[in-house]
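In structure tokens below, several structures.
Below, subunit A partners subunit B and then partners subunit C, in two separate complexes.
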Partner chain A sequence: MTGEPLLQVRDLSKTFLSRKGFPVPKTVAVRAVDKVSFEVGKGEALGVVGESGCGKSTVARLALRLIEADSGDVRFDGVDVLGASKGDLRALRRRMQIVFQDPASALDPRQRIGEALGEALRVHGLARGRDVRTVVERLLDEVGMPKVAADRFPHEFSGGQRQRLGIARALALGPDLVFADEPVSALDVSVQAQILVLMERLKAERNLAFVFISHDLGVVRHFCKRVVVLYLGRVVESGPVPAIFDEPLHPYAQLLKASSPSPDPDHAVAMAFQEGEPPSPVNPPSGCHFHPRCPFAIDQCRTVSPALRTAAPGREVACHLYPE
Partner chain B sequence: MTFALDTAAPNAEAPPANALTVEGLTTSIRIAGRWFDAVRDVSFTVGPRETLALVGESGCGKSLTALSIMGLLPAAVGRVSAGRIVVDGVDMTAADEPAREAMRGDRIGMIFQEPMTSLNPVLPIGFQIAESLIQHRGLSKRDARKRVVELMELVRIPAAEERLDAYPHQFSGGMRQRVMIAMALACSPRVLIADEPTTALDVTIQAQVLALLADLQKQVGLAVLLITHNLGVVASVADRVMVMYGGDVVESAPMRSFFKAPTHPYSEALLNAMPRVDRATALAPIPGQVPTLPDMPAGCRFQSRCPLRVDKCAERPPLVPMASDPAHAVRCWVRAGA
Partner chain C sequence: MSDVAAPAPVSLAAPSAWRRATRSGGLALGLVLVVVLILVAALAKWVAPYDPDAQDVMMVLEGPASAHWFGTDAFGRDVLSRVIWGARISLFVGFVATLAGVVFGTVVGVISGYYGGKIDKAITAATDVLLSFPQLIMGLMLVAVLGPSLRNLILAIAITAIPAFIRVARGSTLAMKERDFVDACRALGYGDLRIMFLHILPNIMDEVVVMASLWLATAIRTESTLAFIGLGVPPPTATWGGIVREGFDNLLDGWWLSVFPSLAILLVMIALNLIGDGLRDATDPRAPQ
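Let's look at the complex of A and B:
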């Protein structure tokens, strides 16, 4: 990374409270995101990987202030995002956008595509009257959709086409950074590749930065330069993509890699019995959250939560097995 | 996991050797009042302890093939219009509904992608697993309960006895899929159809469920028809592979020869479109999308997206064995000669 990072996230935390139980409901606290830090440079793609419930989507929503963080610091191009006023936030959102996993539920079924894309332009005063249509058509063209799509409704499109429209909407305001939350997970392999190639082209042409959230290591390896691995709300490892995928350091990252299927019979999924599931974030294990599943756990792991330490230049790992 | 591959010619196998035989299956579905062939002339066999993977993208006919075998097509919009399905020696296509009913859940079991929508949310899971034991095997409630605990232990659900009366929402996704597997295996079927059994699960849980299935298969000698879109899963557990596109089987091969030499242009394109975790590769998307059934081209159904298209593709190519490897068959005019 050169110079000042575009997005800087420091010690971001969020605890959700929910009332559960019958007949006497109890309030339970879920620590969804626990002191997460990362940086994204201009035009850089950062991958955030982890399994369901590890807090990867929550991180994106916190950084965009779609939900409010409990503590931490988010700076976008030097501006304090968490402390920004309503007006400042509106200006920031022009530069930070999000693409969701399921474009079918992210688009209003009763709104024509032209209106869905044009609305943001109008709200932010970027185009008026007939110009809106011109900009919308240019956006559609940029994501490989015909102009006539502007007059259609979301249900008239296939999943892949809808994701192109979701991307067009995120691009409408000319952002510098896009949070992509599982953007290709709902798509078939052949369509998934089309969307990935499109996003790569946009990244290069617009010098777009991405925070790419995915559970699919193959997709992240392909799209991202650096990656952050989350487990139960905490960063367990971060570093450059080829290094982390070829030689993961944290035992969880190792498990994740060994479990990811690749189309090669000589590298089949490691199916050695690894029992245990990610524990509930409501009642996470003490010390290192991963210790009940970890084959290398030592006494220290059960009591002391390991801090992130530098394992190699640009690589950090939160594990007692590596010297601090 | 390695099994000896049975690559003998089909006619050399006596019928009881195969747990599942499908011959010339054609399934039609109704769209806007007209019938279209969504599965065309599909034939295969699955032997005991064998896993056949049926691979393809949405709409290729892989799930319809499974529903046809199970006899679960909704009659108003789907029907088996030709072919024969033989499960454990019983011709399912000739059987009447009560006879098919007796087979389902007893000789042939099925697990689905989303265990939450396949389990009844208001019934305890012990009751749901016991249902087929009481129905098919005439077990008393008490005996069924005992057997259910054994089954739950078999699929490694911890604290089985205590969780017998728990409801589906009290289980995680991986545990629910284990419940589904226990239900499917309750009557010790010979054939298990697994329709995207791990697609909704996280990768570490997927690995556990695949390992469990492979282990159970060895123990009880199950024939497994695995339906999946994930070629990585295929490489991990399958013995043989069949790739479907637009209702046609376009390639059929022993698993290792498939990955060594994917031959149909669609199989090749599918592998090149898949981002890999084990190495950095350039992605080559397949242009366009699968045509809808009413828009399917005559002849080879992949021709509109195929880089190797020639005039002859307007005619439907046959599925023919390769000269270099008779166990490896491909439906392509250009590639079949090789």
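Let's look at the complex of A and C:
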């Protein structure tokens, strides 16, 4: 990475509280995101991987301030995002956008596509009058949709087409960074490839940076240069894609690799791991969150939570097995 | 009726919704009945055979006949003309009160559901208190306090309608808020008012309109009930509830006095419920085909 990173996330934390139980409700705290840090450079694609419920999507929503964080620091191009005033935040919104997992719920069902894209342009004063239609058509063309799509309603499109439209909306304001929250996991495999090709082209043509959230390691490996592995709201490992995918250090990253399907039938999958669901984030295990499932756990893992430390240049891991 | 085959409104998500609603014929029948009633009420001056307040001492308490289809009352007034003129007040009060209740209740409900937190808690608590009163008792109390007049009657009935619409709009807003497009709007930097009233509101109008058509029936019934117990628009103005009440004194001598205005009320109730059920079937994706 050269120079100042585009997005810098430091110690981002969020705890969700809910009151459950009868007749005396108890406050239940879910530590969804626990001191997560990462950086994204200009035009870079960062993968965020982990099991469902590990806080991947919450990280994106916190950084975009769709949810307010409890603590931490988010800097976009040097600007403090979490402390930004309403006006500053509006300016930041033009530069940071999001693409959602479920294309069916990502578009307003009562709004024609042209209106939806045009509204974003008008609200930010990026186009007026007749220009709106021109810009909308250019956006549609950029994501591979015909001009007539502007006059249609979302329900008239297929899942893959809707995802293209969701991407067009995210591009409308000309952002530098797009959070892609599982952008292809709701789509058929054949359509997944098309959307990935589209995003790859946009990355190159617009020098667009991505935070690519996914549980599909194959897709992340294909699309991203660096990757952050989350487990129960904590970063357990981060580094360049080839290093982490070929030689994962953290036992959880090794488990992810082992459970990810391989195209080579002769390649034996070593399952030295204990089976099992990830533990509940409501009541996470003490020490290292992963120790109940970890075959290499030592006494220290049960009591002390490992800090993230540099294992190799550009590579960090949070595990007691790798002392400094 | 040719208007049944009118082009499907684009706002209904499924193209088959209109057809599905009209297949049973209930919605179409209800709409036709209501439109005819409104026309008759609006054109009362020309449609009604007599002046509703004109007394004819030679024709007191005459039964239905060709000269007076619905008979005459104790003052010799034509009951048919009074029922037609009464429709004006009853329908007007019902429509205006429901409209006021829908607009206010929906706006408050959307705000409550969208913002959540303390605002929502306060509004929900107030709604629960209002809903704990039976709707008629509530209207009765309000008219008793405010005094019977056309304006106060509309106000009282509107207030009884508000909590129901707060609840419907709030619930639908809560469900809609979970959709990603609301987050997308926020990520695009849209203001709360824009999101609430240009994005959430159009998506919950189905539920609100269905409720409104059913509440219209309730509002008209409430007006008639209040008029019957003497808390409606003061006499001699003809209203359906009032005509039933006046006829009550001479019911043993002239059954037609109360029966015909009651039938008018019944007809409106049936028509509006047909519309409400039809709209609900048309907009509810879970309804059987």
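Simple rule for what comes next: the second predicted complex is superposed on the first by the 317 of 324 C-alpha atoms of A that agree within 3 Å, B and C clash if a C-alpha of one lies under 4 Å from a C-alpha of the other, contacts with A are read in each partner's own complex, and residues count from 1 in each chain.
Definition applied: contacts are C-beta pairs under 8 Å (C-beta built on N, C-alpha and C of every residue); 3 or more make two chains touch, one makes a residue touch a chain.
Not measured: the values here are computed from a predicted model.
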| item | value |
| --- | --- |
| Side-by-side fit of subunit B and subunit C on subunit A, or clash | fit |
| Partner, of subunit C and subunit B, that touches more residues belonging to subunit A | B |
| Subunit B versus subunit C as contact partner of A:Pro278, first or second or both or neither | first |
| Touching partner for A:Leu66 - first (subunit B), second (subunit C), both, neither | second |
| Which superposed partner A:Ala29 touches (first subunit B, second subunit C, both, neither) | neither |
| Touching partner for A:Ser260 - first (subunit B), second (subunit C), both, neither | first |
| Subunit B versus subunit C as contact partner of A:Ser105, first or second or both or neither | second |
| Touched partner set for A:Glu51, first subunit B, second subunit C, both or neither | first |
| Superposition-derived angle with apex at the Cα centre of subunit A and sides reaching subunit B and subunit C, degrees in steps of 10 | 80 |
| Shortest span in Å between Cα atoms of subunit B and of subunit C, once chain A is used as the common reference | 11 |
| Residues of subunit A touching subunit B in the complex | 51-52, 158, 160, 188-194, 196-197, 215-219, 221-223, 242, 245, 255-265, 267-275, 277-278 |
| Residue numbers on subunit A that touch subunit C, as the complex places them | 61, 64, 66, 89-90, 93-94, 96-98, 100-102, 105-111, 119-120, 123-124, 153, 155, 166, 169, 172-173 |
| Footprint of subunit A on subunit B - complex, ascending | 1, 57-58, 156, 172-175, 202-208, 210-211, 214, 229-237, 255-256, 259, 269-271, 273-278, 280-281, 283-287, 289 |
| Complex interface listing, subunit C residues touching subunit A | 10-11, 13, 179-181, 183-190, 194, 199, 202-203 |
